[in-house]
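Below are two complexes that have chain A in common, paired first with chain B and then with chain C.
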Partner chain A sequence: MTTDRTHRNRKRALRIAHFIGLFIAMSIICIPGLWIVLNSFRPTVEIMAKPPVWIPNELNLDHYRAMFGGNGQGGVPVLTYFRNSMVISVTSTIIALLVGMGGGYAFARYRFKGKAALFVGLMATRAVPGVALSLPLFILFARIGIIDTHFGMILAYVAMNVPFTVWLIDGFFRQVPRELAEAAEIDGCTRWQAFWRVEFPVARAGIASAGIFAFLTSWNEYALASQLTRSVYSKTMPVGLLDFTSEFTLNWGGMCALAVLMIIPALILTFLVQKHLIAGLTFGGVKG
Partner chain B sequence: MVTPSIDLPNGLLMTRLKLPPWLVLLLPAILILMAVVLIPLLLSLYSSFTSYRLTRPDSITNWIGTFNYEKAAKDENFWAAFGRTVLFLTIALNLEMLFGLGLALMVSKVTKGQRLLRTVMMFPMMFSPILVGFQFKFIFNDNVGLVNNALQSLGLSSTAIPWLVDGKLALFSIAFAEIWMSTSVFGILILAGLYAIPQDPLEAAKVDGCTSWQSFRFVTLPFLMPFIYIAMAIRSLDVARAYDMVQIMTNGGPARRTELLWTLIGRTGYVDAKMGYANAMGYISIFLAIFFTVYFFKKLTSARAELGMGG
Partner chain C sequence: MAQVHLRSVVKKYGGLQVVHAINLDIADGEFVVLVGPSGCGKSTTLRMIAGLEDISGGEVLIGDRVVNDLPPRERNLAMVFQNYALYPHMSVRENLGFSLKIAKRSQSEIDRAVDDAAEILSLTPLLDRKPGQLSGGQRQRVAMGRAIVRHPDVFLFDEPLSNLDAKLRTQMRVEIKKLHQRLKSTIVYVTHDQVEAMTLADRIVIMRDGHIEQIGTPLEVFERPNTTFVATFIGSPPMNMLPARVGGGRVVLTDGTAFDIPPGHKVEEGQDVIFGARADNIMPVGHSLPATEHVAEVKMSVQLTEPLGTETLLFAQLAGQEVQAKMLNPRPVASGEVLTFQINLDKCHLFDAETGASLRV
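== the complex of A and B ==
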């Protein structure tokens, strides 16, 4: 009887500990982001208040209005940055996907000499730190005259994303049984038709998630963009975030508002893709 | 394997040059990486042997041999940054793995609302590193930051704690931000591993009288190792993401106490305009990064082979 009771008590204690642990962990994950969102709606006076104001007296859209208002009183050309970010991220993602599909298919379906070495070599190019790569790219782009252009940024981001899309897409094509395409070929399809009609549709969801991953990488990148973009012609949002800082002051509220604008698309896309992303990373890695 | 010859769009090229199909498929990837990564890296290798300064473009032809590397080898600031980077990465990656494992185990035990928790867990992954840097710069701000406000309101501290101004505290704050940003990579992948774990060995262990610790240590953990190595491999691909964050939070300061290799390189190259010297240091950081990547990919392969999942 007593052992039964202590056993039950221990079980209950464990359950409470589990709940508390989970609660603390989730709070640490959520609070920083929520705080940013909250502050984007608060007037600057309240953000700077001493002693702090815990329960907001007033929530308004002033920071958003100032942000979209254009160049009036310290306004930042947010819409231009947003458009630059979109153009650069979407274009580089599409190109990286096409290139990655070719490469991923080659790794998944063909056997050739030096395959493993080539694969690690491709991955190693991704490991080159952005800031170290930005030095020679800056010199080179300045010479060719593509610094501060969309084209230059797209080129850089395609190269940055290709190794990763190759890795992910390779994993997805591996999950498609080889026999499927072979059967289609026996039925009279050409290899090219078999790919588009059979293998591609099966791996499509996975390829889409590789695309979203590539998009997010470009969307969030800073180290290269901060050096290769100079003006409103090509500045992306991560670089634009710095417009809210000046030597001695920081416009916290404005920064928070831009941060929210940056997070929303990322949030939606990540939510859409989460299931496939996990499968892609693990199968690409484990069954490789 | 039947070689397709006329059906691929590159068929013409192939029949003329007799390129194998895998090479045709890989060629765009190889070409673009050569153009944007390999050739610039060769250029930076060359310029690291010159006294190239951004402000004097003709100095790129001024060959000075291994002077920059010798200078780096004797530079105290460089070695301090190097040591700090390795230490920072080791501590951060290990803690991220431990926290990720803990988080995954906790979430996997939840019966209701697991989907929601999984989504929340991925939350930090979609933050731009620069956003994370700015977010924690705000939170750790000594005047209006959340942490100091909370500590003072609760009466735990009477003065404002200089989180980002004091050297040691700044390093802690940066590590905190880095761990916040990247723990979810480990958490998510380890969770995927926990879902895939076969139940039979676990039940066998229970029948044989293993404690829950023993069955975790000898059954669950070995099975999770490949997943941990995948996460390590992915993380090692962009450990330099921390550059964005550190640059925003402290920019290497105060007095170089949080200087990592990447912030040092960035400052030397762009602010001091000493491109040649920055490239020399850049090369050392590139080798460090590639070493990490190759190491974890090797580990991944052997962990896979151990589980019989290799192919």
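== the complex of A and C ==
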């Protein structure tokens, strides 16, 4: 009896500890994000208050109004930045995915000379930090005249994302048994049809996750973008955040408001693709 | 419907040759089983017929077309893989209809063909499930269904039953045999299980290290094995193989026990041979089949028994080697008991000790 009770008590204690642990972890992860959202809705005085005001007294849309307002009232060209970010991120993601699919498939399915070396080389390009690249890239881009263009940014992001998409997609194609494509070929498909009708849909979940990753990397990238973009022609949203700093002041509220606008598309995308991820993970066509 | 011919077919992986100039003629509607130990090149041969593997040398013909350079889709065959290779993102219905859809058949035609196949294999209640929601046996049937909807010229099976449990395997074996009788199509079937080979095949092809050891009907390879390899590979328990020498017109075992030369064999005086006898042909006196013309008697001590009900398997000792024998109408036998056994020499074999080739003429 007593051992039974101590056992139950211990179980309960464990569960509570588990809960507290999770709560702390989640808080650490979420509070900065929530703080940004919160700050974007409250007056500057409250943001700057010391000690911090945890429970807001007043929430309003002033920062958003100002941001979208004219130049005089602290407005920034949000829509232009948003468009730049979208064009650059979406295009570079699509290209990185296509290249990644080609490369990943080749790595997973074919044997060729220098495969291992090529693979390691590809990964090694990712070992160089982006900041270290920014100056050489700046000089290079300036020479060939693609500074401050969508094209230049897309090029940089594709180069940045391709090693990763190749690596990730290679892993997913490896999990798709070879026999699936072979069965499709025997069923009358060409190599090409076998890929698009069988292997691609089966690896879809993995490709989607590579896509999210590539998109988010481009969408949030700051170090390179801050060097390679100069004006509203190509500035992306992360760089746009800097518009809220002036020589002597920092407009925290405005920055937070723009940050919230940045987070929303990323959230929506992740949410949309996530359904795909779960639906796609139904392997089981082969015994295993 | 079609015949399949392999003419000196060779497969090399780089410098490594795994299939050595195989010749095989398969008649229209014939059920041929390729059998052999793991790694002997069965799958490779099958995959060359399918077009999934390049042919390094020789020719493969389906019907009267040389198909060496045709992709799989132009060979009009169907294949069932060991792991089934069902399309995991499609329902059973879509899996079955996939090949017809690729061939751009009308939806009504596809539906009819799928329903027929589902009916034959009792898959009708499962049509809307995904492969992930099926049991192993059900997946196996879907894989077969996918093969039969297209009415191919040739069916290829690569160890289709090896992932099933023993009972289901026996059941599916019967299904496959029925299916063959019904469809009357040419089947090439790969297995490493000799029981499957014996029960299913019209003709068995026994392979070893990329060579064909023997081709024949199940009874032929069982009763007249060409080599010691075939003799021990086919049949369960495996044939007893005793080293011996020909002396004074008789076969003399290493301990001096001598038998008459089994009829139908040509040997030379002093030749080293291997004497082969199946357990079915070594039986204790009083528990055997009616005696035939050529019988040898030998006393052996029984070390171990395995009662199987209608018969008991006896493990005895002869010329310093373990020999398996059978006892009909069994009675209990004590370990160490010495019994007199009758060996039916009409069914025994002599092989050359060096080459392993049968000395039968």
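What we mean here is this: the second predicted complex is superposed on the first by the 248 of 288 C-alpha atoms of A that agree within 3 Å, B and C clash if a C-alpha of one lies under 4 Å from a C-alpha of the other, contacts with A are read in each partner's own complex, and residues count from 1 in each chain.
Methods note: contacts are C-beta pairs under 8 Å (C-beta built on N, C-alpha and C of every residue); 3 or more make two chains touch, one makes a residue touch a chain.
In this text, all values refer to a predicted model and were calculated from it rather than measured experimentally.
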First, second, both or neither for A:Thr190, with chain B first and chain C second: both
Contacts of A:Glu179 with chain B and chain C, given as first, second, both or neither: second
Touching partner for A:Val202 - first (chain B), second (chain C), both, neither: second
First, second, both or neither for A:Gly145, with chain B first and chain C second: neither
When both partners are placed on the shared chain, which of chain B and chain C touches more of chain A: B
Overlap of chain C and chain B interfaces on chain A (superposed complexes): 185, 190, 193, 282, 285-288
Contact set on chain B toward chain A in their complex: 1-2, 4, 7-9, 20-23, 25-29, 32-33, 35-41, 43-44, 47, 102-103, 106-107, 109-110, 117-131, 134-136, 138-139, 143-144, 146, 149, 152-153, 180, 184, 188-189, 191-193, 196, 226-227, 229-230, 233-234, 236-240, 243-244, 262, 265-266, 269-270, 275, 278-279, 282-283, 285-286, 289-290, 292-294, 297, 300, 304, 309, 311
Chain A residues touching chain C - in the complex, by the definition given at the top: 177, 179-180, 182-190, 193, 197-198, 201-202, 204, 280, 282-288
Contacting residues of chain A [partner chain B, same complex]: 18, 21-22, 25-26, 28-33, 35-36, 39, 47-48, 50-52, 54, 98-100, 102-103, 105-107, 109-110, 112, 118, 120, 122-137, 139-140, 155-156, 158-159, 162-164, 166, 185, 190-193, 216, 219-223, 227, 238, 241, 252, 255-256, 259, 262-263, 266-267, 269-271, 274, 278-279, 281-282, 285-288
Parts of chain C lying in touch with chain A, wherever the complex brings them together: 50-52, 71-73, 77-79, 81, 83-89, 98-99, 102-103, 130-133, 136, 139, 146, 150, 163
